[in-house]
Each structure stands twice: as C-alpha cells, then as structure tokens.
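One chain, chain A, appears in both complexes that follow, with chain B as partner in the first and chain C in the second.
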Partner chain A sequence: MVSALTNLALFFNELLLMLRAPFNIALLFGSVALGIFFGAAPGLTATLGVALLTTLTYRMSTEVAILALLGMYVGAIYGGSYSSILINIPGTAAAAATAMDGYPLACQGKAGKALGITTTSSFIGTLVGMIFVAAFTPLICRIALNFTSFEFFLLAFFGIMISGTLGSEDLAYKGWISGFLGLFLACMGRDQLQFYPRFTFGIPELDGGIDVVPALIGAFGIPQIIEVLRKEVVPLVFQEVRRVTPELKELLRHLPTAIRSALIGVGIGAIPGVGEDIAAWTAYGVAKNASKHPERYGKGEIDGVVASESANNACIGGAIIPLLSLGIPGSPPAAMLLGALLLHGVQPGPMLTIDHPTFIPKVTAALFLNAFGMFVVGMLLVKQVIKLLKIPQVILMAIVGVLCVIGSYAIGLRIFNLYLMLPVGLLAYCLTKMKYPIAPLVIGVILGPMADANLRRALMVSGGSFLPIFTRPVALVLFLATVFMAVSQVSWVKSQLKRLRKKVPLLSEEERYILAQPNRKG
Partner chain B sequence: MEEKELRRADFLTSLILVAFGVWVLREAFKMPLRGSYAGVKNVWYVSPALFPIIVGVFIILLGTLLLVHAIRSGGATFFMHRLRQIRLQKVASERNLRFLAVLLALGTFVYLFIPRVDFFLASALFLLYAISAFYMEDVDLLKRFAKLYALGSLLFAIVTGGFHRFLAFLPFPNDVLALVFLGVYVGYGLARTRAHGALRQKFVQSISVALLVPLLLCVSFRFFLLVPLPREGLIMEGLYRLYYALFR
Partner chain C sequence: MRRIFVLFVIGCFLVSAAAFAAERYPDRIITDVVVWAAGGGTDVCNRVVMAEMEKYLGVKINVVNMTGGVSGSIGMNHVYSQPHDGYTLCGLSESCVTAGVQGGFDKGMKVWDFFIIGGSPDVVSVPAGSPYKSLEELIEAAKKNPGAIKAGASAAGSIHHLNLLALEKGTGADFNFIPYPGSAPAQNAALTGEVEVVVTSVAEQSQLIRAGQFRPLAVLIPDAFTIDSITIPSAFDFYPQLKEYLPISQAIGFAVPADVPEERKAVLREAFKKAIESETIQKWAKENFYILSGKTGEEAKKEFLWLESLFSWTLWELGAAEINPETLGIPKPEELPR
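For the complex of A and B:
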C-alpha cells in the first residue's frame, strides 16, 4: 500500500516536472503531431518514426527523450486510423482492422464521427496500457531479480522463438530463421567475455559489433523506401471530413468493448515481438464474436472501430512492460525504443528499479501526457494532417531515404554505420518479400549479446552442466515452453493438437435423434 | 508473392541458408575452443565459439526443414522449370527496372557520394534523381534519368578515383564535380520535359525539394543540434561563412 502511494506520488511529481518546462509541452504536441503524420502516411511506420526521432533526441535528457519518443509511438499508432478511415489504406499495419468499418462509415458521410470515435478509443486504450505499465512493471522487475543467467538466456531464446512463431505469415520456422539471422548479426564483433574477434573479416570498424540503431533504421526504413518506389504511383482519393467531435456519448455505449479490447491489447502487447496489428485484429475478432449483430461488421459498425483502436493503443503499454522489466521488447517500435534507451545510458531489465528508481514513473507520466496530447492534437489538427497526407509518397520516401542516412550516421558519427545500414535493409527487404517476419531479426540483433553472455556465464557457474535448467522452476517453464513451441510446428503434432481442440460431442447421434423428436416425453 | 513463387524462392533460400550455416560453423570452429586466449584459459562452455556454433547448427537445421518443405510442395520443380524459362525480356520487366533504379540511387548515395562529397550536394543529387525518376510516372523518362545518373556516377567514380590529380588545383574538387553533375542533370531534365507542362512542373518540384530539404537538414543538424555532417565541403563552407557573417 505504502509502495503504491509512493509510486503515485512519484508519478505526479514526474508529471509536474515534465509540464513545468514550456519546451516539453511544445515537444509533446510536436512529437505527437509528427507521430500522427508518420502513422497516417501510407509507407511510413511507427517503428521508422521512432527510429528517425531517436537521432534527434540524442542530445536531450532521458526523460525529455522518452516524452518525445513515446509521443511519436502513441501518435503513429493512432494516426494509422486516418488513412484507414479516409482512403481505405491503413497507414500502419496496426490500423488495418480499423479500415474494415472505418471506411464504410466515411463513405456514409460519417468520417468526422469515425475519427472522433477512434480518437476517444485510442485515448482510453493508451490510458489502460499506462495503468498496466505502472502496476505490473515493478512487480515483474521484482520477480526477475531472482533470475539467474540460465533464465536470462532462455528468456532471450523464448522471446525470439515466440516472436518468430506468432509474427510469421507463412511457416513458423521462417520466423525462427529470421531470429537466428539476427543472432548471427549480434555475434559479429569482439565477444563480451574474452574480446575475441568474431566474423570481423579483419575490418577494425566491426570490432565493436553492429550498432543497433543503424541496423534497425536499415531493417525498417530501406524496405519501405524500395517498396514504395518500386510501385506505380496511385492517386489517393480522400473522403470528406466536416467536423471531428469526441463522441463521448457514443463511446459510453461502447465502453465494455473499449475496455475488453484494451485488455486484449495489453495482453498481446506483452508477448515479445508481437505488435499492434495482431492486437487490433484479435480484439476486432472477439468484438465480432461477442456482438449480437455480427452481420453489421464490415459495413460501418462503430463497435469494430472502437475494438481495433482501443486494442492497438493499449498494446503500447503492453509492449513497454517486458521492455522495461526484462529488457525484451514487446513490439517492433518497442525494439526501437530499447535501442534509444540504451543510447541514453538506460539499461532496461530487472535492475532498472534499482539503477533508475524513478524511471517507471517517468515512463508512466510520459504515456499519460502523450495520451492527452494525442487527444488534443487529434481533435484539432485533423484537417492539417490530411493536407500533409496529400504530399506524394515518392517525395516523402526520397526524403525518408536522406533521413535514414543522416539518422544512422548521427548516432555514432561513423560512415561505416551507413555501409552496414544498407545491406541490412536489403536483407530485410528480401526477407519481407519471401514472407519472413522482420521483428524476430531485430529482436535477435538486440537480444543476441544478452543470450550469448548469459549462456556462457551460466555454464561457467555450473561447470558446464545444463542441469540447472531442470532444477530451477522458471528456467524449466521457459525451456518447456520453447520446446513445446518448436514441437507444435511438426505436422504430426499439429494434427494431434487440432484433433484435441475439436469439441467432444456431449450427445451421441442416437441421443440427438431422440431429443429432436417433436412428440418425445420427459 | 504467390504460393508457387514463394516455394520456388524457399527452395533457393534454403540452399543458401544451409550453405551459410555451414560457413558459420566452419568459422566458429576456427575460434579458440580450448587452450588459452589473451591469458584466459578456455573450456568449451566459455569459448567465444559456443554461441556461433549454436546459431550455425540451428540455421542448418531450419534451412534443411525449409528445403524439405520446399521440395515437398513442389518448390524444386518450380525452380527448375523457371530456370529453363528465363527470358531476358522478363528479367528486364518494369518492376525489376524500378528495383535496379532504387538500388542505384541508394547504392551511389551511401557508397559513392556520402564519403566523398559535401553532404548537401550528395543529398541534393540523391533527392533530385530519386524524385524526378519515380515521380514522373513515365517509364521512358525513368530509364533515361537512370541511365544519365548511372553514367554520371560512373564518371564521377573514375575521375575521383584515378584522375583526382588533374583537379588538384580546385579548392573542393569532388564537390565541384558533383555540382557540375547536378547542373547537367537539371539541364537534361528541363530539356526532356520542355514539351510537357505537367512533367515540367513535376521536375521543377523535384528540384525545389532536392535543394530545400538538404539545406534544412544541414542547417538544423550542424547549427542547432551541433551534429557534424558526414562530409563538409564547398556548400558547408559557404554556410559557415554566412553564419559567422550574420551571427558572430
């Protein structure tokens, strides 16, 4: 109780500290507006936005940088709904489910109403996510303090495997391959324990390994640029927006859907590497199944818009929980956020509450302010954002190309980072084309050093024995979960699991026949 | 990608992955597994080779799984069939041409211009080519611009690589060359779009974006964020002089 009150006091203290400087307020609205634009413009993504903004926050203090980066993240996830509703092209994958009912609403002349609903739902979703960050992150940190190197190695391995399994559109092991390629990239450079050069090819610049931020900018920026420039230019047709209103009354009617979807969003966000798009689709599916009128979905049902928008914004909070408590990002933009935190000298993980005791309240306060910032900007600047969306995509992407270059360079002031960024980007583009997910690759690059060092440290302590995996409960659970995940992809096991999932009929054919007789007795 | 195309790609990728995994293992086994390195006595479980060996084994294993799946779903057959059917016409399709044009823009920007030319000029060249070539929605113009850009880049590489002594009398020889290249590109573009009002307008837009965006970036990064640019030359020198004349 005392601890909760202390945290609450810290939260309000951080909130006031952030609001005290006018620069912070300007930065808050500026980054949220930029985020909305990044989310709304097809081709630009939340991850790319966070990646590019990281460069600009390099010289800011950590709390100001967090305010700006979370502003970009929250704004971009919300901003995706603009293009979903107005042009039926989701600005981000997270807003794809919103297009299902948002665009039909816009076609009925209710674009303003739909945007009002998405703004309010996203606001609620972000707040629910924030509450979970505040409540669960310190708790998980405390539990994770008991973890040993074996648990950390298995946790990193589990993170890569689960993000590969859930993020893969095609075969699950394509996701794992992507993760192992990321782990290979992380092996490059001198190893952490003995400083032995691995896969450096005699290039001194590779001794320090691959810098995370340029690799991430390459992995998320270059494929987008190639993808857009390779396509024919398609003129975008916008639906008209008259006035955007908060639609509070309407939302009160859909509050149960909003809360349920936000909870789904938080849960899915906490799974490593699984992003806002899966959260939005899952919440949309659940809302449709729970609805009394599922036939209205896809034709302009407000419940559908509420479900997907509250889920994708709540997912932000969910993705931040494992990021802060375990150092494992819950979504691709959170992976970028991790890169930014490392750049600012903050090492997320169980020691966070000890090394930086006020950091979690800082993040919570930043999320809270960004939720409000998003609400205000969303209500006031819709028409201006739509005007910006009319800038041709080719021009935007060419500018993004220059930003990727200067962004990758500015982090370490090394031209060599650019030489790495482009091949990583091309690799990511080829993998995307062949339906390999990129999130596991990125998570592999980030978690590789942690997995490598912890495995060797753990074996050093145990004298080369793997027995502690089976004697430590958390390690055993993580090991079994990873093995189960791998085995469940074997076709024979898959078919057995499918058979188990099928409901066992409660009544036999004969019993059903008897019950169906109209003149039966008893 | 269609299912058939995907399996064909899977077949080829799986072979590459298995070969890559074997290479990772070969390199890992060259690392010290026993003995001592830098005064540290090694045992297998603290060896720097341990993690790369695990990664290599998994890549081979997963590559093999993918190979088996690709063969079972007809990927190998599709691949062989495709190999026999390859025609130059199909290779030179519009999508592939666009892909090569994008690669040309990014490759020359990162590997040729950024390390050698003032950042403003390198970015202006990249932006002018990338926007004008793709924004026009005209395949013929795209081909012409790509050819000109490739030729100009090649000439630039040759002159700066082998004949830089001839330009030693100039203050910023690489930048002067890049400026000439930019001028030639602008002149060529204006001449090519002279007869079409809409195309001319788009080309002029490309020029303005190509000049304005690098200027904004150079000023904000160098003078506000105090981040040095990858290469500062002719234009940055001019900007410095202007800055000191105005504010110092």
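For the complex of A and C:
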C-alpha cells in the first residue's frame, strides 16, 4: 500500500516535470501527430515509426525520448483506424479489425461518428493500459510466464481461427480456408529453427519469407482499388460533422465493450511477441460473441469499432509490461522501444526498479500524457480528414494506388516487395469475388511464423508428444476455446445454441424494446 | 574592378590548391553505416565509440542504420559501393561473416579492414530453481542422459549456438538444442521452464543474473567474469580441453574497404585506439558488461577471417548455407591459425 502511494507520488512528480518544459509539450503533440500519420499511411507502421524516431531521439534525454517514442507508438496504433474507416484499407495490421465495421459505417455517412468514437475508444484503451503498467506489472508478468511454445502456438492458431469466423459472409469454412492459405504463405522462406529454405524456388529474395507489410497492402489495397474503379462499391457519403466528441449517453452505452476489450488488449499485449493485431481481432470476436446482435457485426456496428480500437491501444500498455519487468518486448514496436532504451543506457529487466527507481513512473507519466495528446490531436484531426471523402473515390483511389506502391517499397527498399504485393493483391481480389474474407489471409501471414515455429519447437521440447496441451492449464484453455469456436460454427450446433439462448431470456421485454430502437440521433 | 576579380579568382585557386596539397583527412563529415537496427548491440557500441572518436578526428561522424538482406548484406554492399576514401564506415558484428555463404555478399571478409570494439562474453546459466549448482554437475547429467537436457539459444548458426556446440565438443556432453528467434525469447523460455539451460551473452543476462533469477554456471572465455559481487568462473577451469574450441567471442566493431589509402586507415586506427582507451568508453564497457578488444589491422583481420571460416563451415554442415564456402574460397577453420 505504502509503495503504491509512493509510486503515485512519483508518477505525479514525473508528470509535472515533463509538463514544465514547453519543448516537451510541443514534442508530445508533434510525435503523436507524426505517429497518426505513420499509422494512417498504408505501408508505414508503428514499428517503422518507432525505429526511425529512435535514431532522432538519440541525443535527447531519456525521459524526453520516451515521451516522443511512446507518442509515436500510441499515435500510430490509433492512426491506423483512419484509413480503415475512410478507404477500407487498414493503415496498420492492428487496425484491420476496425475496417470490418468502420468502413460500413462510413458508407452509411457516419464516418465522422465512427472516427469520433474510435478516438475515444483509443483514449480509453491507452489509459487502461497505463493503469495496468502502473499497478499490476508483477501480477501480469507472472501470468505471461505461463506461456511456453505450446501456448504461443495455440494462441496464434486461435487468432487465425477467430479471424476466420468473423469475416465470412456465407460460410465460416471460407474464413478458415482463407486463414490457412495465409498460413501456407507464411511457410515460405527460411524456416526459423533449422534455417532451411522452404518453397523459395531458388529465389534468394524469398529467403526472408513473405514480408507482412506488402502482403497487407496488397491484400487490402488492390481489391479495394479495383472495386472502386469498377464502381462496384457504394459511393461514400460525405456529411458535414458538427460534433465529433460522442455524447455522454452514447459513451456510457459503449463503455462496457471498451473496458472489456481494453482488458483483453492488455492481457494479449503482455504475452511476449504477440502484438496489437491479435488483440484487436480477439476483442472484436469476443464483442461479437457477447453481443445480443451478432448479425449486425460487419455491417456497421459501433461496438465492433469500439472493441478493436480500445483493444489495440490498450495492448501498448500490455506490451510495455514484460518489456520493463523482464526485458522481453511484448510486441514488435515494443522491441524497437527496447532498442531505444538500451541506446539511452537503460537496461530493462527485473533490476530496473533498483537501477532506475523513477523509470516506471516516468513511462506511466509519458503514456498518460500521450493518451491526452492523442485525444486532442485526434479530435482536431477528425473534422479535417473526413474531408477526404469529398474527393471523388476514383481520384482518391489513384492516389491510394501510388501510396500502396510506395508503402510496399519503402519498408525494405526492395523492389521485390512490389512483385509480392501485386500477386497477393490479385489473389485477394479473386478471393473477394468468391466471397472469401481477406482479413484471415493476412492474419495467417502475420501469425503463421509464430504458429509454425512454436509448434515445431514445442514438439522438439516435448519429444514429439502432444500431451502437454492437455496437462498445461493455459494451453488447455486455449485449446478448448479454439475447439469451441470451431464447433460453434457448425450449423447444427449453431441452431442448438440459438434455441438454448431463447429459453433463457437475458433481457426483459422492455430492455429489448429499448435496444431494438434505432439510434434516432445518429 | 576587373583586376580585383581576376586576383580574387587566382587567390581562390591558390588556396584550394594549397589545401589539396596538404590533403587533410578527415575534413568533412564521416558516415558510419550500421548494418543492424538502431538500439541493437552493434548500433549502441558504434554510437558510443563514434561519439568518442569525433573528439580525436575533429569532424562529426553520422551514424545511420541500413538493415536488411542476409546477415547485414544490404548495408555492407552499400558501403562497398561508396568511394573507398575513408569517409564511409561500415558498423558490423561477427554475425555479418555469414553474408557470403548466405548469398548476400560474395566478396567475403577479406576485402575489409576491421576495427574491433569488443563484445560481451557468453555465459551458461540455469534458472534459480534448477538442481544444477555447478557446470560440472550439469555436464555430468548431460553425459549420463544424452540429449535429455534442453538447452536454449538463439537460432541455428548464431554465435550462441556455436558456443553451445563448442561446449558440447569440448566436454563430450550432449544437449537437446532448442532454437529461439533471439536471446530474449531464449531467456524467457528458461524462466518459464521450457528449457533447462540457456546460453546467451552476459550483457543480455545481466539483469536476470543480478536479480537472482538466473544462476550463472560458467563463462565461455578463459578468464572469470565479475558482475557486481557475483564472480562467474571460467568453463576452462573445469574443462581445459575447451580451449581447442573456445573462445568464440562476439566481435562488434566497424570496417572500411581494405583498399582505403593506408595513411587514412592510420588516422582512423589512431583515433580508434585513443577512443577505446578513453575513460568514457572504459567506464561504459564495465557498466554494460562488455569486454573491450581494440584490435585493428592484421590482428583484427585474422580474427574476422577465422570467424568467417568457422561460421560458414558450421552453417554449411548444418545444411543451412546457400553457397558452399569452398566456392567462395573460404578455408576450413582447421586450416587457419587461431
């Protein structure tokens, strides 16, 4: 208790110290705004942003550097939602789940509302993450230490399966087929355990495997561009927005989803190596399953946007927890953050609180300030970016096409990435035409290496036995969750579940009536 | 007026000619291209040393990162394509020596001259709750039950894996090697109990050792190593025959193309030597658990050629190399002097 109070005092002390210098405040808004740009531009990711900023902040003092780097991180994870909602091309993998409902909302002329609620959700998410960094670091770490290779494999597999059930219009199997296709693509390149080339066809550029960013841009960007140019997409409606901050009543209605998703985000972020993308998908899936109207998801459900955006921002706090207390980054951008800390002579790990007693309060203070910085910059930007919709889609898509090419090339300055992006895009377009969802394909590419290497490593450790899945509690829970999710998609089970739900009314008739009312003000 | 102008132009020529004749090196900004990401060990070492060398060279040194390719090949190719005038350095580490057999840099290590800053020694550790109290107990257990004890280290063919292989050869023990994508995940696996032994560098483990979460059994260098009040014995004390295979030390540093004019290399060597001996660097190395090397010239080249040979042939034997080291003219490690 006493230590908690001391920490609180230290936190406010650091907060005031950071706020005292006007330069810091300018830096705060600057790095958040830069982060939003990195997030919104397809091809520029949070990881790349943090990496580039790391070299720029080398000569700054440690706390100022942390403020800037976290600002970049928070801004980029939030900024990805802009392109998801406005053009249906997620700016980062973390925002892919946001496009599911964000873009339909934009099609209904509610882009301003969607962006407003996204900003609020990201803000709530970041704050929840911050609270966990400040208060529950040791606890979370103990839980994260239950993750061995089997658990990592099951988590990655769960992520692919859950994204498969969410996107498909007709059959869940199609989502899974798409997910497994992504998994197969991820197998290309040198395998991570024995370094043996697989499916590289003697092409040296394929040695490193399929880069996530060109695959992401191709899979989401190309089909969208083709469809807009073929005028298959409903033209977006531009509506002047007066108010972007959501009303209190509306906020309260979405608050349970936001908090629950933020908790999921923190938990997933704390697991080493698992990033914002899985956090967003899992939160989205849980929100859909918990909702009384799962059928509205994918058609413009505000709760869907709230779930994915609060989860991916909460994941930042989660990812920082193992970074600070074990020296193991929780997500790819956090790995860059680790590098930046080492550059400043701060070695994170269990001795951090002894070597640098004020460091964790510093990080929480920086995160707190960045949450506010993001909220302010976000709210100011929303009204402006919404004007993008005034540009005729056909012209906008031509620009987006160029950006896609630049984005794919910029990541490694490799021309080969373009040869990768275009075929993946065409494949994705064909799949969309056959009503296969694209998101699971990308999730497969992202999580594939994690699933593949960890399964094989787990079997190396266990001597080829699958038994640990059933003897390790976390593994068992993940396994059962995956099985349940798979089985619940079978139509017979689905109808049984529906019948069961009908028998036990969770809501009174009156409540149902209220919920069934369309939102008159929106 | 015209006369003044003519005189001015002549004056300019004379001044620049005089400057040219003196040929001062360096007279403009030097760029150090680090082939690994910002914040990594190679990057941090280069930045710290370059900041010190600036003082002795009198010009600014810009450190930039150019990652990608295989074993840092994109950065190395870039530096090699720049004029060989000593104004572009290449920040690299021992892991870059495999760029040849991985098909990224066919010129090999012989085209460079190296400046070795140093590295952190490898240490064999077990989690705090482990039954093994000493290296001998661990080795005995591994001999009794070959392949039963799981040892974690970064990917096959990495420096830590090579250290583990050398430990096995030198002691006759047989571990079950479990590869991880890096040192941090390998250490995490030891914490979760997935592996029983972990081999990474002291710098990487220092936090866990000082916090008492890891029990360091032995360092894989000839001398004992001290962290705070903990003295880690040398594995050589228990198994003297290890010196045939070890040490395989990290070699972080930078390089210039070998055909850079000799007098310029001498200027760099001079500044490098002063930087390594400076109090700042000595203190930094101690605090971060690095052992400074300071090798340059023939000595440094010999070390890198040996590392190239060892890494390349090990990868080839593991079936993980793209190109046969023989076609690149890389001799086997036995054929080289240590």
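Keep in mind that, in the parts below, the second predicted complex is superposed on the first by the 272 of 522 C-alpha atoms of A that agree within 3 Å, B and C clash if a C-alpha of one lies under 4 Å from a C-alpha of the other, contacts with A are read in each partner's own complex, and residues count from 1 in each chain.
Everything that follows uses one rule, which is that contacts are C-beta pairs under 8 Å (C-beta built on N, C-alpha and C of every residue); 3 or more make two chains touch, one makes a residue touch a chain.
Since we're looking at a predicted model, the values are computed, not measured.
K.L.:
Name the contact category of A:Leu145: first (chain B only), second (chain C only), both, or neither.
P.N.:
The second partner, chain C, only.
K.L.:
Could you look at A:Leu418 and tell me whether it touches chain B, chain C, both or neither (first, second, both, neither)?
P.N.:
A:Leu418: touches chain B, not chain C.
K.L.:
Who does A:Met434 touch here: chain B (first), chain C (second), both, or neither?
P.N.:
Touch status of A:Met434: first partner only.
K.L.:
Once the shared chain is lined up, is A:Pro22 touching chain B (first), chain C (second), both, or neither of them?
P.N.:
Neither chain B nor chain C is touched by A:Pro22.
K.L.:
Let me test your reading of the model: by the given contact rule, A:Gly464 touches which partner, first (chain B), second (chain C), both or neither?
P.N.:
first
K.L.:
Touch check for A:Pro473: first (chain B), second (chain C), both, or neither?
P.N.:
In the superposed model, A:Pro473 contacts neither chain B nor chain C.
K.L.:
Using the touch definition from the top, say if A:Gly401 reaches chain B (first), chain C (second), both or neither.
P.N.:
first
K.L.:
Between chain B and chain C, which makes contact with more of the residues in chain A?
P.N.:
Greater contact footprint in residues on chain A: B.
K.L.:
Looking at A:Gly349, would you say it contacts chain B, chain C, both, or neither? Reply first, second, both or neither.
P.N.:
The second partner, chain C, only.
K.L.:
Find the residues of chain A that appear in the contact set with chain B and again in the contact set with chain C.
P.N.:
58, 193-196, 413, 460
K.L.:
Name, in rising order, each residue of chain A that touches chain C in their complex.
P.N.:
Per the stated touch rule, the residues are 51, 54-55, 58, 145-149, 190, 192-197, 204, 207-208, 272-273, 326-329, 336, 338-343, 345, 347-352, 412-414, 453, 457, 460-461.
K.L.:
Where on chain C is chain A touching in the complex?
P.N.:
Chain C residues touching chain A: 37-40, 43-44, 47, 63-65, 68, 70, 74, 102-103, 150, 155-157, 176, 178-181, 184-185, 187-189, 191-195, 206-208, 210-211, 213, 287-288, 315, 318-320, 322.
K.L.:
Can you name the residues of chain B that touch chain A in the complex?
P.N.:
Touching chain A: residues 1, 6, 9-10, 13, 17, 24, 27-28, 31-32, 37-38, 40, 42-48, 50-52, 54-55, 58-59, 62-63, 65-66, 69, 95, 98-99, 101-103, 105-107, 109-111, 114-115, 119, 123, 126-127, 130-131, 134-135, 137, 205-206, 209, 213-214, 217, 221, 225-230 of chain B.
K.L.:
Which part of chain A faces chain B closely enough to touch in the complex?
P.N.:
It is residues 56, 58-59, 170-171, 173-174, 176-177, 180-181, 183-184, 187, 191, 193-196, 198-199, 222, 225-226, 229-233, 392, 394-395, 397-399, 401-403, 405-406, 409-410, 413, 415, 418-419, 421-422, 425-426, 433-435, 448, 451-452, 455-456, 459-460, 464 of chain A that touch chain B.
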